[in-house]
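Listed below are the structures to be examined.
Each of the two complexes below includes subunit A, the first together with subunit B, the second together with subunit C.
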Partner chain A sequence: MNELLEQFLIESRELVQQATLDLLAIENDARDRAKLDSAFRSFHTLKGGAGIVEFPDMVTGLHAAEELLASARAGSRAMNVAEIGNCLWALDQVTGWLDEMEKTGTVPIDAGRVAEEMVRRFQPALPGGSDSAALSPPDWLAGLLAAYPDDARQAVVALMFQPDAQCFFRGEDPLALVSGMPGLLAMRVDEVNPWPELDDLDPFECNLRFAALSSATRETLLHHVDLTNPSAAKQIEIRALSPIRLEGLKFGPTARLILEAQRQLLSHEETTGMAGRVGAARRVVMNVVGRYGEYSDVAQRYERLLAAEPGDRQRAILQALLTEVLEDGQDPEPPVDKTALSPGDHSAATVRSLRVSVERIDALVNLAGELSIAKNALAHAAALARGGTTATSLAVLLEEQQARLERLVDQLQRSVMNIRVLPIRQVFQRFQRMVRDLATETGKSVALVTEGDETEADKSIVEGLAEPIMHVVRNAIDHGIERADERSQSGKPAQATISMRAAKAGDTVVIEISDDGRGVDLLRVREVAFQRGLISATTTVSEDETLELLFKPSFSTASTVNVVSGRGVGMDAVRSAVEALGGSVKIETESGKGTTVRFTLPYSVLMTPLVTVEAAGQIFGIPLEKVVETRRVSAGDISAVGEARIFVHRGRTVPLIDLGSTIGEPGCRLPMDEAQVVVVVMENEMCGIEVDRVGEKMDILMRPVEGVLAGLEGIAGVTILGDGRVMLVLDLEAILR
Partner chain B sequence: MSGATPRVVMVVDDASLVRLYYRSVLEPAGYRVCEALNGLEALEQLVAADIDMLIVDINMPVMDGLTFLRALRQRKERFASTPALVTSTEVGAQDREAAEIAGANFYASKPVSAHHLLEVVALLSGHKT
Partner chain C sequence: MTVIADSKNGPIRLEGDCTLDDSEILLGLFTSVADPVVDLRNCKSVHTAVLQILIAAHARVIGPAASPFLQKHLVPVFRPSGD
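== the complex of A and B ==
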């Protein structure tokens, strides 16, 4: 994925988050101008970003939402709940697109339908938009140009086509007519009249209006229309657009000289004042490009693009631009934009990025500097040794340096761990929205209060927390929190409160999710546990033991949801998710007062990368550092040598071990034409491990083996998978011995 | 960037005649012109005023043009990136290169014709005609 798209994804997610929070605030207080302004700006910036990465559908959709917010800002009319809901819905769609872009590394191509739906949802709310939607003449042209700014610059004509309502009866196909248009750059379809209720809809009547941009001439288009659909020509409107062309950039000789001078200026490898020079060159380039009226929007796009880049990137981008402009004299399009669409750029599709504060990077840079000084001291020691210094004095020097290195490496480790650290806020924030939606769904009134948002934890922990917290919040709203009338009767405020608190305690981070609901009904829990055979009738169970029952997988079944007035759904899932992060869960409850779920998690984690394999019906992990490659070996290429089997891998004879029969039951595999083999290397010796299937690569938190497995040979550790299964990580040394 | 606000050009030159010449060419064309007698004065003024472009002479007392440019480009403030046109009576390629290395955006040898000056200043400052 290219940097531009990466930056777009990061920023867009932040903007979606910000807009969501603003919209929720507006919902609480419709007169909050500051939040309205902020929400508007977020939508506006999101749309701008979509334009830069050339995602016209997102531009179109968000433009409609932005119009609504703009009209709310301009007028005294407050936004209603439905409109806020639509805006939140639009943000959901954007998140969906962002997810897809993160996966594929490109702009979704099938987003048009959703974008149209977005436009549709926002239309009726626009002032005066109740009857004729956005594209009614003469607005259709402006709307079209605004929705497709990039295509608009290449377009020669704009076309509006409103087919006769009865056109279907004449066997005409207006969509085919427009989409088959020569030189088609962009098209949008709108309804002529607002869509009636489904029952009143006449599917045989055409209620569509098409608007399109084309790079063909007016004559060509008319010809096309005449040929395909003679009767259509009557309702067609074609407008010539001003001949703005990107080709044949006509910089005057002085402008070229000045641009050339900027290229020179950027080429000097002078270290002092580089930021100032790059900035000065950037201002001059933008001034020169912007002076040519038709390129002023290009200049503005560049400005935005460059402003987001660090200095050295700015320099590279400017240099690329200048080379392009001066050598081709043709196309001042941002070069980075082109790579965004170049095929074959999908390889590094899922680049995971992390925003790191400058201070933390600086700390690393300082450490790197100190390390290189320490390295030089070793060279000094070597020189002394060569010069005949006594072993004792040399030892003193070396010990000193060793102590220094140890301290530095220790600091380095801590600094690196710090880079992976994120504020818990990132996960807490998402729940404002979820609590609102769930509360609305269940007809309860719930406020979310967060505390200690700034508490930090390892990135993988912060990210892994979302799911278990979601389960807990869902439980709290579904079961823990009472309806408003019930609350009032028991003297509680009608609005319930869920509070999320985070705090750092030593090497751990504690997350607490509390509600002020009715608490867990311990009696009912015991009853259900008895019915499920988890406890016998005579067992006396303490309060803690009772709460522990909630985490039993067999306890959390759907049928208990309605019985237990408190917790129950998926607490086993919560526990396995938290344990997968290396943490633990505890529940505290007080009847009538509420429930608190507490996660205790490590502050930082060291993850082991491994590849999963299946053998003898089980899943195992093989540490990735040992794996050379995975391949298939056909049965004919495997030869038996006594008891053992061997095959040839890259010109070397390599022993083959069947994992299933080594660790599981022997001979449980059916003979196959091909063996799936993981080639591993151990102390410079290669070895093939035959498995049933090779799974995926993953980073896991490895935990020591405890309990019944503790004595088992060949197991280095265990980990809990996302779905709660336990996976054994193989100790290859022990297995191959 | 709108055409409504006039561009502000600062002339850094110790010769009053030269300063007057620039003023007489630029002001009728819609620019605002301010003056500094040497590099140090220019730096002082830049801190306070919003300048769109500099016209800098090389040979000046107190702080010469190249020293001024080097100091300017190393500043942390936004004005470090103010576009600069360096002018000098010397016509050598050496002078041009020295100006570039110091951080000049463009170089013109004196005397600069009114026509050429207006063209260059318009491009460097982003003046809309």
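== the complex of A and C ==
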């Protein structure tokens, strides 16, 4: 990738991050002028950068967003939630482009469609764009349904059609369009503006609007409009009607993905098996709906209601419902957006480059200077030695230089470690967006407060924190935090607060994530633990021990998600992630007041580079510094000497040890044509270790062997892999002995 | 001719398919009548422009209209002529 593009990617990611934070701040306080200015600048600079790398689609798309921000800045009006949602969506698209550019090294060529969509999304909000609020009075639907209650029961969609005043001049006849509509059940005609005196009435100016109920699907209606009068499509608003009313329900990105899949399932033209598809889609849709707070109770009733309808109508209702929730355009939530699902996905992107303060770089430059002086001093010592100086005086000189070098190398190590130190802010700030999205998804109102953002920790710690924090935040929003009405009843503010605090304590960094939700239901946890056989009926379990049960892998199973009114989802995953970073986790909870999850982590970590190997069905780590190379040795090149085996490696005879039978079961390997061998060097002696497979290189934090493994010969330490598996790190000296 | 006014105060008959141009004629007739009555019994369809003149003038109608659509969806909008 060229340098220009590389720089563009780094800067653009920072700008996207900055703009996201600014937009979230504007969402909280629409009058925040400074944030608005900052967001505008970020969009403007992003657009400018796109111009420099010659990415016209990105320029076009961002220009539309920038115009919106500019009009808000001009003070004409405050931005609404939908517009902020659109801006965030635009930033997500930009991130997608940046990811693609990072992968391919070139500007995406098929970005035009997304750019067009961006322009479209930002168009209506611009001054001079159509004003959809005036187009359809908000209560038209309620009025229509009330006026025709019998038709409303049969109707699949309701529509509002307000032709533009000049439509007669184009030869259009809106009434003809409506009268020809398939499935028309009821129609209502109203004047747009009050009628003038007949003498002043212009017969060629349309002053009517039509509201109608139809038993056809939205697709059928749109098809009809398209055939009859395509330009009218823009003036028609179609709302899905069904026995199911989901007004105001906002689906999150995951839910939308699932719903979109159901829509596709139902849109198949093949009619064979349609009944099955409809049934499956019905159950899935209602399961998704049931996940949303106030709909959890009614979803089942809706499903029964739907199931009682004939197949065709079920399909039509579901299709209309899905179209409404997925396309209505009323939803400020951007459409499916994979990047928003997990901030963990962002981690690679946002921390891939490291910004280092000039002071730290200067310290390194100074050290480099001093090292070069030390090197010159050695040259001087060599010259003296050649000149025949005495061994004693040479030794004095060398010792002096060695001490100096030792000091410099030590300083160098510390300075380099310091470069790896990052502020926790880098991980905390990603959660502003996630909390917003999750809160919208669950219909709860949640504010995120952070403290100690500037607390620093090693890069690997900061990067590794995103995932466990995400689990904790998800738990808090899903289970810990009550719905607004429930909160008001218990005298809490309707908006819940999640606080993230970071502080340095000695050699550790403490991260606390607290919510002011309902707390963990300890009785329920004990009950579930008993059902799962984790405790016996007679065991007395203290509060701490009860909370400890939440970390048991067997506790965190899917079926507990809904029964434990607090936490318990994936806490074992949280613990293994934090332990992999060399830290520990603790939960504190107070019934009705909230829950705090505390991570205690080392400030800096020394990572051991390893190569992983598999033998006897297990994964092991071999310290990389011992590995000379990995190779295959054909069976014919391996000779037996007594009980031992040897092979020739680079002209030297090297013993071959079978890791599987040394560590695991003897003789468990099947005879192979070739042996996979890791050649290691120990105190200048080479040795081959036969394994089943060589894995990957990784940096790990090695932990001492404890518990049942403590006495195990040949194991130097353990580490926890990303997937929670424990990996043993081999003590080669012990094995070769 | 789809807008027919036989007598000055008698009902105005709309017959067949009433077009955009008929709206101007109808409006002209309505401005000279205090409480217009329109006979839709032979009317098959009306243009939107005609419909809006009928509504704006608070016309009373004589039905049933020749077209089921008019009869079902539009005639109920107007006061019957007997009011």
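The rule we apply is simple: the second predicted complex is superposed on the first by the 377 of 737 C-alpha atoms of A that agree within 3 Å, B and C clash if a C-alpha of one lies under 4 Å from a C-alpha of the other, contacts with A are read in each partner's own complex, and residues count from 1 in each chain.
Criterion: a residue touches a chain if its C-beta (ideal position, glycine included) is under 8 Å from a C-beta of that chain, and two chains touch if they have at least 3 such contacts.
Computed from a predicted model, the values in this text were never measured in an experiment.
In the superposed model, A:283 lies in contact with subunit B only, and not with subunit C.
Touch counts on subunit A: comparing subunit C and subunit B, the chain ahead is B.
In the superposition on chain A, contact of A:531 is made with neither subunit B nor subunit C. In the superposed pair of complexes, A:539 makes contact with neither subunit B nor subunit C. Contacts of A:254 after superposition on the shared chain: subunit B is touched, whereas subunit C is not.
Contact with subunit C, but none with subunit B, is seen for A:176 once the two complexes are overlaid on the shared chain. Contacts of A:272 after superposition on the shared chain: subunit B is touched, whereas subunit C is not.
Across the complex, subunit A meets subunit B through its residues 252, 254-255, 257-258, 261-262, 264-265, 268, 270, 272-284, 286-288, 290-291, 296.
Considering their complex, residues 163, 168, 173-176, 179, 184, 186-187, 189, 191, 195, 198-199, 201, 203-204, 206-208 of subunit A touch subunit C.
Those residues of subunit C whose C-beta lies close enough to touch subunit A in the complex are 20, 23-24, 26-27, 30-31, 45-49, 51-53, 55-57, 69, 73-74, 77.
Subunit B contributes residues 1, 70, 72-75, 78, 80-84, 100-101, 103-107, 116, 119-120, 122-128 to its touches with subunit A in the complex.
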